[in-house]
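First, the structure itself, so that you have it in front of you.
Labels run A, B, C and D following the written order; every chain starts at residue 1.
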């Protein structure tokens, strides 16, 4: 296996019985995961359902590596496409912070409160984040509190980028890390 | 020592050489800490400088208990008013999550990105938060992304309250927990 | 409240339905907790049952401060004598490490595997530990693998002391930290 | 990439300037890592030097997957053979606990205090451990405190096995998990 692959964190809406993630958003997540696999980056996610599962499936279909940073100590919690389950036993929120520590960049699709925690943590840790617009929830509302459209606060720890599609997200990643 | 005291988490702006916290905001923090001590609640904070130190001083002057949830393993990091230093060794952000886990409610004064992480975590953990208006930074801007002026997302985990002063924050705490 | 109090971590056997802690060992734990309160040190423990509860009761009766570093997010897990519950949500073992980070010294009474983890962590973190002999389990067997009767390994991070009684443990603490 | 691969945690002595790991022990570690790669298991380790680096090199040479659970937030800390660096930012000991949570079994070669913490944690979490005899330090001394030669305490959470070589360790793993 090759070394020094870029570590991309996918953050986004999980599903609840009464809160399904729309098919369109899942398609976007699938496409993004697929492209991550094609590029040969490592895909990190919470390893569970909703946007995460769709992205993991895409990456799996592209023969990519799916690292799932799971809240509990059990692999049964992972979606079927996770190839490297990290069973942290840290619970939902500590494990979110751990995931941010272990990626080079995050890409956000939709997102409720857990995703917001991860976006805030990305910025706090000085790492870039890319948000795919039009995917709902915080992906579409967070811009309202940003300074100059890209910083959470006056400390300007890192930049938050907005793109319109998964393909554009990949282009942005390559631009940020000077890949090819 | 009495048991079952309410655990109040104070979150707010820390200081940096080029980013002093204003005297007015420190006065508000001092007053809030003082009132927490008078009421006999336990004050939890990050235990360091800025808003936290001002609140700890107020609480100390009221003979209150100051628990400081510190990032490093060294007590030297604590401000001079912390009576119970918890030297976590967890770093800035994991320790923020730990602090939210161990309080019943948070009160926010000003706040940059670390404070925002704690506010988001409070809501994610289903605990109420009170924000003192007019104290700057996220205390004054976060309302823009709230739903119905009080929820972070459609899951309505818990309520975020806005008040105008430290005295009003204490009244709100007593109202929420049905104290006297 | 005074500052800079010594932080003493009490580690020892918890109870299970079929594994009661003997009355004699509980008496020793109670006496130790009581003396910690009299000296004005802060008592840290896992905050639950068995040896921990007995020590917390002793400390409570001496009007001491009982900090309980709890595994779950719920205060209901604490024994009735814990005055400052730290509800970590970190689970049994991460919270054990946290407890060691936040004390100046540990004192061990009996002890099964969780206690052994805490003793090892004490030494790994370069902090002294005192073991009260004759209290069973690892308190009586660990000496067999120590080097020169007091070190876990050739790195000699810190010293492990053996004493015969709670009173002697307090004397040893005062000696180590040059108190009076 | 395939799913449901066994996750094997390698624990053992790290190096310090004045405490080199012997060439013989490194050969054993290399051989073990190599066999893990041949079998198609995932190798987890602390991702740093000494025994860990030797095992990672072996696994790398067999085209295996090397997950390194690192203490800091920086990939520069990883040895050159780690293919999936997990930069936890949790520090030495919290990250040891995390590593135990995320493996199915541990194999121990030599070992100073950090390794002992991991062995104790393995047993506390009810997971089997295999110790390769003759590799020094705790690998050769821990048996003295075990009950019936294989349990840490009367709770018999899991079994500790002793083997004479890396090849025998692999055979034991396959026996425990009924592989082929």
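As a working rule, a residue touches a chain if its C-beta (ideal position, glycine included) is under 8 Å from a C-beta of that chain, and two chains touch if they have at least 3 such contacts.
Everything numeric here is computed off the predicted structure, so don't read it as measured data.
Shared contacts of chain A and chain C, meaning chains that touch the two of them, come down to B, D. More inter-chain C-beta contacts link the pair C-D than the other of C-D and B-D. Centre-to-centre, using mean CA coordinates, chain B is 30 Å away from chain C.
Averaged C-alpha coordinates put the centre of chain C at 29 Å from the centre of chain D.
The distance from the centre of chain B to the centre of chain D, with each centre set as the mean of the Cα atoms, comes to 42 Å. Counting partner chains per residue, chain A has residues 89-90, 94, 125 touching two or more of them.
For chain D in complex with chain C, the residues that touch the partner chain are 19, 92-94, 97, 112-114, 116-117, 120-121, 123-125, 137-138, 141-142, 144-145, 152-155, 157.
Listed in rising order, the residues of chain C touching chain B in the complex are 1-5, 7, 42, 60, 63-67, 73, 75, 80-90, 98, 101-102, 125. Interface residues of chain A, counted against chain C in their complex, comprise 89-91, 94.
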